[in-house]
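Presented sequentially are two complexes of chain A, the first with chain B as partner and the second with chain C.
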Partner chain A sequence: MSNPSPTYQTAKGFCLTSAFWMIVGTLMGLIGATELVAPDLTKNIGWLVFGRVRPIHINIVLFGFVTPGLLAAAFYYFPRLLKTELYSERLGVVTVVAWNIALVAVVLTLMLGYTQGREYAELIWPIDVAVIVVFLMVFFNFIMTVKQRTEPVLYVSVWYALAAVILTACTYALGNIVWRPSSGALVGIPDAIILWFYGHNVFGLLLTPLSAGVTYYVIPRSVRAPLYSHTLSLLGFWSLIVVYTHIGTHHLLQVPVPTWLKVIAIVDSVAMVIPVMAFLINIWYTAKGRLGEIHADIGAKFVFTGTIMYFFVSIQGSMMSLPDVQRVTHFNNWVVAHAHIGVLGFAGMIALGGLYYILPKVTGRPLYSRLLADIQYWLVLIVSIGFTVVLTIAGLIQGNGWLNGETVYRILPQIHPYYVTRASLGLILVIGAALGFYNIVRTLFVRSGEAVT
Partner chain B sequence: MYFPYFITYMSIGLVISIVVFIWALKNGQFRDQQRARFLPLEDDLDQTAAGTSRVSRYEMYGLFLLALAGLGASAAVLIYSLFYAP
Partner chain C sequence: MKMTPKAVVIGSLLVLAAVVFVAVILPYADTNQTVPSEIFRSRVSEEAAGRLIYIQNGCVYCHSQSIRKVDWGLGADRIAQAGDYVEDHPILLGSARTGPDLSQAGGEHPDDWHIAHFINPRYTRPVSIMPAFEFLGMDRVATLTSYVQSLGLKAADRRMERQRFWKQEAIKAYEAGPEANVRWLNENVPQGWRDVPNPYPTTEAGLARGHVIYQNFCLGCHGPVGDGMGPAQPWIYPPPLNFTILKGREVSGGVLYYQIMNGITGTAMPYFKRELESQKIWEVGDYVAVYFINQSDANSEPRGIDAAWEP
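Presenting the complex of A and B:
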């Protein structure tokens, strides 16, 4: 390293951001889930109605919890893999502050009812601009660090992180129709196409590459073995870029969008097997015979579990793009289960893994409590699996209902127990988030324990 | 045109991807892949790893069972959907 004592202020800032907003994001999810079983609970509290709580939950989990967690690790591994200093730690800290201001604005505006009303693209224009600006700030810091590198070869994690950040800045601008500030929307079918292109990519082209980047860094280091194949990892990266960018229309197979677009979306959704398996084979072969090391490192344990979830969510994703499968799985809680495996089980797990992996390195001290982190691991894992099971069952009941022409009110009592279970699992997750926040704050701010050499 | 924004984005994305790919090719990013495998390890290594305990083996079994349950559920839905496809 050219800098013997980097401060990692940006990485620390994103760690704290992720840990704090995980509590807020999951709490909003819990409130929303509770309202689905007890609608009168928040009666007459306008800023807490389901229609406001749900977008807050989604946006905060995406931009408040998971993305900053993954970026924290990226801001740690960028200088190390490129054998240089971060281009500007000050710019990084400014980015963290701006990011948090934007998140506060997200919560306040959505609670006050300021929304553009498009699913996943609810945020109003000024916040849209703020989101794009912070992503560009991160990209600028990354690309300038790349420019001043002393290591000529870009490791695959660097490729993934760069692509995630710049693609998201573009996707966000386009998907939120930023050139139309008043509505943030087109009209009719073109708007649906662009919205679902955005809705899929804002998760897929942000969380997936960032998570892959963290995994490609953490797993070889924690098992102390070289990556199984760097060539295979680059094949996975480039195939992801080729096939993942235009699969969003698989959300619109029941809609009169052009058939060629549906065909592209379905074919590329199935073709996602290539980058997914390239990534998983690479990681699992790297870890083969070294699971003891993974268990010994709480960060690697989170990350490795995230890769298992990635397998499931990706196989599901490819399956769900098939029209016959969608007849059962679309427009019901199956999709919600899929989203929770993806965002919580895969990307959320890896974000937490990245945090726990880098925390001892950036602070120079061991984690405050390995036990608390282990408890959080099991809580998050149980909740991820639990969400998947109960929401999949609820989705199948609903899907079966649609398929057989059953009326909605006759289905609702059947899914009630699963909604109650979902809310209880949400409570467990909030507890897990609070434990994690406490652990991370203690690690960052309380000087205790011995220094890590 | 019916969906100009989508086609514009795809075209811009494709052009940028190709330009970056060509840059990577000319810049030698695809050479020396054997050394690239070791890049994360070139830094100072962490503390020595702890061995596998009995508890961690149980954890592994637990994860394996959960994984099997998830795979089973997914397979069941696929079979169900295809079986009932009109």
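Presenting the complex of A and C:
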């Protein structure tokens, strides 16, 4: 508490990380989408083959774009909410640097084909260890900041961020089977169960609570109103931790895993409406009648839109856990649509909202360009909805065709037009990411004396 | 409830521990003693090496290895059992079917089909969107092929035995010259089919539809002019049939139908009964007959009662 004016270097570092890797992650998605339209365009470029580009896309958007974006906001709101300084900016900056080195390693190893071949757990052991270490570094910084707080009450955002970071360190270690460095896997059906326990918790225990934390901070602040209900906060938090953690088997409903485990997964996937609605009602009632203020703040606008996407993705998710629905939706582009509403529409929107909300506050200057941020908002929104529409249609064509006995090959020409649209939307998103990066860099590195528009 | 740092951190860790017990450890105890299923066998080292190439190149993002009760496609006759996976490490169930399920792919085609397909999938499957794997080099393509041919384990071995037996027969016939080859091909079609002409008359619309089917399914092997010189030809032996040699050799519409429906085990000629319904098979057959063989028996005797449908 020696330094009276905080520097927020860690928060700034994570802003830049997120904005930069958003370009890389979406570009990888665009390359993959293009390959599904024109597979021979990248013919015989081994390191760009679809099966390598896809895991890079996924790992980079999750751990390069969304998570750092949400952490940037957390590194800003921790000191604010706890009325103290961040325990150590130096540790924070080291974390940012280590995080970026790990991301570069992710891209290089996956391109070269070093992978453990398990979805969301591809990274090889040394990178797994690095990921766990950076999560622990973040947790240490957070918990020490909590320790030195001068504000006795812990606000909801702090609960969510603390839980997200420590629980993810645990589930990441479990899911990646870190005690078996060579393969990072168990054998047979148990491997699938633990993989999806973890894979599901990437969304349930990392993206969702971090996004909830940012939302709980940004929405009440920007509408200048107290939170609607403490009880709902409590209900939402604990039911999320209890319910979200044990429904990963809804990814395995059509696989020979024990029936009792499927029953638990199905029943409690439906029970997910409790944490989801507790959170959403709390936020939406806080904002009720004050949407003008949300509209006026570009950060809050992103975040609020993210909450609407959260509603849709979660209700859809509960539906998709019903075996009758999943007969049609499993294995096809329907799931890809769901994944994009979740990770881009919900968590990604909120990550961007967090960035735009804190940037003026951590730099002490207005955004370089509100217009560019607004354009990015519309591009991300159009692409999220566009992906949802075209991929859901493609998924229904595939799923219903298969149920009728059509082969995969026969359906390929039918979904081709949707793949083309999807790739075009991907291009728009990459442009949006580039605009955002430019805007954020100009905001962070404006030279003193330069005119700010 | 007062949310102290301890309550948040220790509390949520305790919840997680309880969940791990219920959703990971109990299921582990329940499933890790699974007995091997009746089709199970261990992989030999070449197959295991191929599996690594499969992992490194992300085949798992497009191919599942998990057949469900509701499936009809490749491998649907064997619904997945826990005992099929007892040595899979990691398990490669997959979460998307951009391409078909591969749990029973072994023995579905002979090796030469796979080699041509890996070099460029569009050679054997003209509208495929699977990436080309020529960059792996021939050795690794061969290793990968031996893994794919093991999918289905003992069931795959049975199918591979059939492929190998008929491969020898097909090569023998091919090397004895066109006359002998066509005779061998015809002899193996049941007599009933040989006697059947194409029951539908040749029409312009039918030929146009046959043309589209030919382009989407056959062109890579039999070539744009039906001479067997499609892009897959250099990798396939016996090579794709040159249709022009069928002229004057008593190849009826029924023979064409049967061969297209059923495929020719041992050769790269796949079966199309899953992909093409009856009308489509007759029409692509007639397209081949009219344009490449230059001789069609469409709508000739014996006819029986007039066809219900006439142009």
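Keep in mind that, in the parts below, the second predicted complex is superposed on the first by the 442 of 453 C-alpha atoms of A that agree within 3 Å, B and C clash if a C-alpha of one lies under 4 Å from a C-alpha of the other, contacts with A are read in each partner's own complex, and residues count from 1 in each chain.
One rule holds for everything that comes next: contacts are C-beta pairs under 8 Å (C-beta built on N, C-alpha and C of every residue); 3 or more make two chains touch, one makes a residue touch a chain.
Values in this document were obtained by computation on a predicted structure and should not be read as measured data.
Superposition note: with chain A as the common reference, chain B and chain C are in steric clash.
Once chain A of one complex is fitted onto chain A of the other, the partner contacts of A:442 are absent, as it touches neither chain B nor chain C. Of the two partner chains placed by superposition, only chain C is touched by A:407; chain B is not. In the superposed model, A:186 makes contact with both chain B and chain C.
Within the superposed three-chain model, A:370 lies out of touch with both chain B and chain C [touch as defined at top].
In the superposition on chain A, A:39 makes contact with chain C only, not with chain B.
Looking at the shared chain after the overlay, A:262 reaches neither chain B nor chain C.
Of the two partner chains, chain B is the only one touched by A:226; chain C is not.
By the document's definition of touching, both partners, chain B and chain C, reach A:197. In the superposed model, A:319 lies in contact with chain B only, and not with chain C. Residue overlap on chain A between its contacts with chain B in one complex and with chain C in the other: 154, 167, 170, 174, 186, 189-190, 193-194, 197, 234, 238, 241-242, 245-246, 258, 261, 327, 403. Across the complex, chain B is touched by residues 1, 77, 80-81, 83, 151-157, 167, 170, 174, 186, 189-190, 193-194, 197, 216-217, 220-231, 234, 238, 241-242, 245-246, 258, 261, 291-293, 295-297, 305, 308, 312, 315-316, 319, 322, 324-325, 327-329, 334, 341, 381, 385, 388-389, 392, 396, 403, 452-453 of chain A. Of all the residues in chain C, the ones that touch chain A in their complex are 1, 3-5, 8-9, 11-13, 15-16, 19-20, 22-24, 27-28, 30-32, 34, 54-62, 64, 66, 68-74, 80-82, 85-93, 95-100, 120-122, 125, 127-136, 216, 274-275. Of all the residues in chain B, the ones that touch chain A in their complex are 2-3, 5-6, 9-10, 12-13, 17, 21, 24, 27-30, 32-43, 45-47, 49-53, 56, 59-60, 63, 66-67, 69-71, 73-74, 77-78, 80-82, 84-86. Within the complex formed with chain C, the chain A residues making contact are 35-37, 39-40, 42-46, 49-52, 54-55, 113-119, 143, 146-147, 154, 158-159, 162-163, 166-167, 170-171, 174, 183-195, 197, 234, 238, 241-242, 245-246, 248-249, 251-252, 254-258, 261, 264, 327, 330-332, 335-336, 398, 402-403, 405-410, 412-413, 419.
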